[in-house]
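To start, the structure itself, in structure tokens.
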Amino acid sequence: MDQQHALQEYLLRLGDSSMILGQRLCELCGKAPAVEEEMALMNVALDLVGQARNWYEYAAELEGKGRSADDLAFRRDAHEYRNLLMVEQPNGDYAVTMARQFFYDTWHYFTLQGLANSADERIAGIASKALKEVTYHLRRSAEWIKRLGDGTEESHQRMQDAVELLWRFTGELTTADEVDTSLEAAGIAPNQQQLASDWQGMVKEVLTEATLELQPEDAWMYMGGKQGTHTEHLGFILAEMQFLPRAYPDATTW
Amino acid sequence: MSEWPLFEVFVRSKHGLNHKHVGSVHAADSRMALENARDLYTRRNEGVSIWVVPSNNITASSPDEKEPLFDPSHDKVYRHASFYKLPDEVNQM
Amino acid sequence: MYAQLVETGVKRIKTLEEMSPEERNFQEKIDAEVKIEPKNWMPEAYRKTLIRQISQHAHSEVVGMLPEGNWVTRAPTLKRKLQLMAKIQDEAGHGLYLYSAMETLGASRDEEIQKLHEGKAKYSSIFNYPTLNWADMGTVGWLVDGAAIVNQVVLQRTSYGPYSRAMIRICKEESFHQRQGYQILLDLMREGTEEQKQMVQDSINRLWWPSLMMFGPSDDQSPNSQQSMAWKIKRKSNDELRQMFIDQTVPQLEFLGCTAPDPDLKWNEERGHYDFGEIDWQEFYDVLKGNGPCNRERIETRKKAIDEGTWVRQAAKAYAEKQQQKQQAA
């Protein structure tokens, strides 16, 4: 795989995962369990969509076909999206929302930590800025895992169910493919083995502290998002998110 | 509904300034209170440091005590530098 | 609903001579523009009226997130999405500033929110109207936030210290909201397609009158206003504020190249103000009574969020208690 193509794919993965999770969090507007949480969720969503914009801008420049960041967000269909399956899963109850957030934040944090030292300066710049935001995201979601896991009997059960529900999407976070490994070799993407073991270490630590049962290491994993094969959810997310640019294709300004 | 206690929030807006009371937040614990305060009161770069204090731990002076507490300092003019007249020859101190 | 239609429970305003020494002292402070602070003596009716007013105001901010939340998942560009998210976040924040000010009066936020969910508390009736097209995100910013700002700017001088300080903070932050809204409309009108321009006019047609209603009934229909003005928790009459808003808005409307759905709207040289048509007060009172297009949905959404969040809040509390016990044991 030539490096240019791998980089293009990799930037879309970063951008799309942030974008789709940001979109999922937008769906929660006005529906959070406390007004304080409205602020916090919208804050995280705002960070994520802002990061997606940065990745898309770079991806669009690199592509050199005259597409803009907006074109990448609003004019690609599901099979062209490269986000992790995890982030397109529905919000569910707050345990599911937070489990999804925590699994992703942990991956996001260690990925950005690696990318902050990327051989690609533009990537290093975007990642360093995003890392500050995501450090806070991870701190928050890890705390919620503990609060719900070690809170009441009901919250413990819900949190345990959420971990079980989402576990099958975690394999994709720690399984490298050709894109990842070729960029790792070029010093652009972080060390994939290190990333996997950091992720597992952090998840194990937090789940244990939250009195939650760890899931079997050999559990079956559902993958494919990074390569463009998604769950049924993504189509609906895009139908909503892309409605206006699709319904008014002649519009050049909004 | 919230069942979460109230915390008073103090923000230091710049290095070198005092923390200033800005309002309150509800939170389950002090760590959450810090995060909620950060999200609420420093969205526009307003802070370099935050304190949160459980509201029920604050003891406030009562307005009825205003006179005994604060009036006695009115006539202690010798606490202010301007009370001391310096000879013209010594023009700065 | 900001300082409008707030029940004071006072039938007739007392003269200074009729007041008890405490009341007189209080009123003299207000007359001298000295702010009332949480622990100061205050008449019970003042306290209750303020709780009602500030909680209505706070509820309006929080319910006001919903019509915009309706479009945040469908914002057409990344820039617009980020702006709208920041604005919605501010609204939640403003709700919290206000609840915080209200709690300094000894009110419980939970109880006041409970009243909202039971349909016993008011909030601005504008948020019971639906947002039906994207241009509504522009019009809500321009007209609805514009009307809110006119109200709120005068409330910065309100007599109760914590409320006044919350308003100062809110006004400072909200200045971008109205501009953001107007910019959306301006861009659509200047560079948009025919369909997009129609969106803008349609949006103004639907939201024009409800925005004017935000200032509340005419002065002769506002029995509580006089006491609220004497207490300086309301600083200008409903009609004065409405006229101010119209006078500043019409030139902006013309600049857009749009029209208002009011054939009687025209400049009156003699008065130095715009004349405008009669507001449909029947509609206003219908919406107020719960019969607006979205009253049910708005309250249901808020109630559901808080009800379904109960186990989450309880868990956080239980966890905090466990942690504290662990700390004490260690």
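Lettered A, B and C in written order, each chain numbered from 1.
Please note the rule applied: a contact is a pair of C-beta atoms (placed from the backbone, for glycine too) under 8 Å apart; a residue touches a chain by one contact, two chains touch by 3 or more.
Every value quoted in this text rests on a predicted model; they were computed, and no experiment measured them.
Peer 1: Can you identify the chain nearest the overall CA centroid, using each chain's own CA centroid?
Peer 2: Chain closest to the assembly's C-alpha mean: C.
Peer 1: Quick one: point me to the chain whose Cα centre is farthest from that of subunit A.
Peer 2: B
Peer 1: Could you state the distance in Å from the CA-based centre of subunit B to that of subunit C?
Peer 2: 29
Peer 1: Measuring from the mean C-alpha position of subunit A to the mean C-alpha position of subunit B, what distance in angstrom results?
Peer 2: Taking the mean C-alpha position of each chain, the two centres sit 41 Å apart.
Peer 1: If you average the CA atoms of subunit A and of subunit C, how far apart do the two points sit, in angstrom?
Peer 2: Measuring from centre to centre gives 36 Å for this pair.
Peer 1: Mind pulling the subunit C residues that touch 2 or more other chains?
Peer 2: Correct list: 89, 93, 96, 306, 310, 313-314, 316-317, 319-320.
Peer 1: Pull out every residue in subunit B that's touching 2 or more other chains.
Peer 2: Those would be 2, 4, 25-26, 28, 32, 40, 43.
Peer 1: Using the touch rule from the top of the page, what residues of subunit A touch 2 or more other chains?
Peer 2: 34, 36, 39, 43, 147, in rising order.
Peer 1: Okay, in this complex, where on subunit C does subunit A touch?
Peer 2: 62, 65-66, 68-69, 72-78, 80-82, 85-86, 88-89, 92-93, 95-96, 99, 134, 184, 187-188, 190-193, 195-196, 301-302, 304-306, 308-320, 322
Peer 1: Going by the contact rule at the top, pick out the subunit A residues touching subunit C in the complex.
Peer 2: Interface residues on the subunit A side: 23, 26-27, 29-39, 42-43, 45-46, 49-50, 52-53, 56, 69-70, 73-74, 93-94, 146-148, 150-152, 154-155, 158, 240-241, 243-245, 248, 250-254.
Peer 1: Could you pull out which subunit A residues touch subunit B in their complex?
Peer 2: Within the complex, subunit A touches subunit B at residues 34, 36, 39-40, 43, 139-140, 143, 147.
Peer 1: For subunit B, which residues count as touching subunit A in their complex?
Peer 2: Residues in contact with subunit A: 2, 4, 25-28, 31-32, 35-36, 39-40, 43.
Peer 1: Which residues of subunit C touch subunit B in the complex?
Peer 2: Spelled out, the residues of subunit C in touch with subunit B are 37, 39-41, 89-90, 93, 96-97, 100-101, 103, 109-110, 113-114, 166, 173, 306, 310, 313-314, 316-317, 319-320, 323-324.
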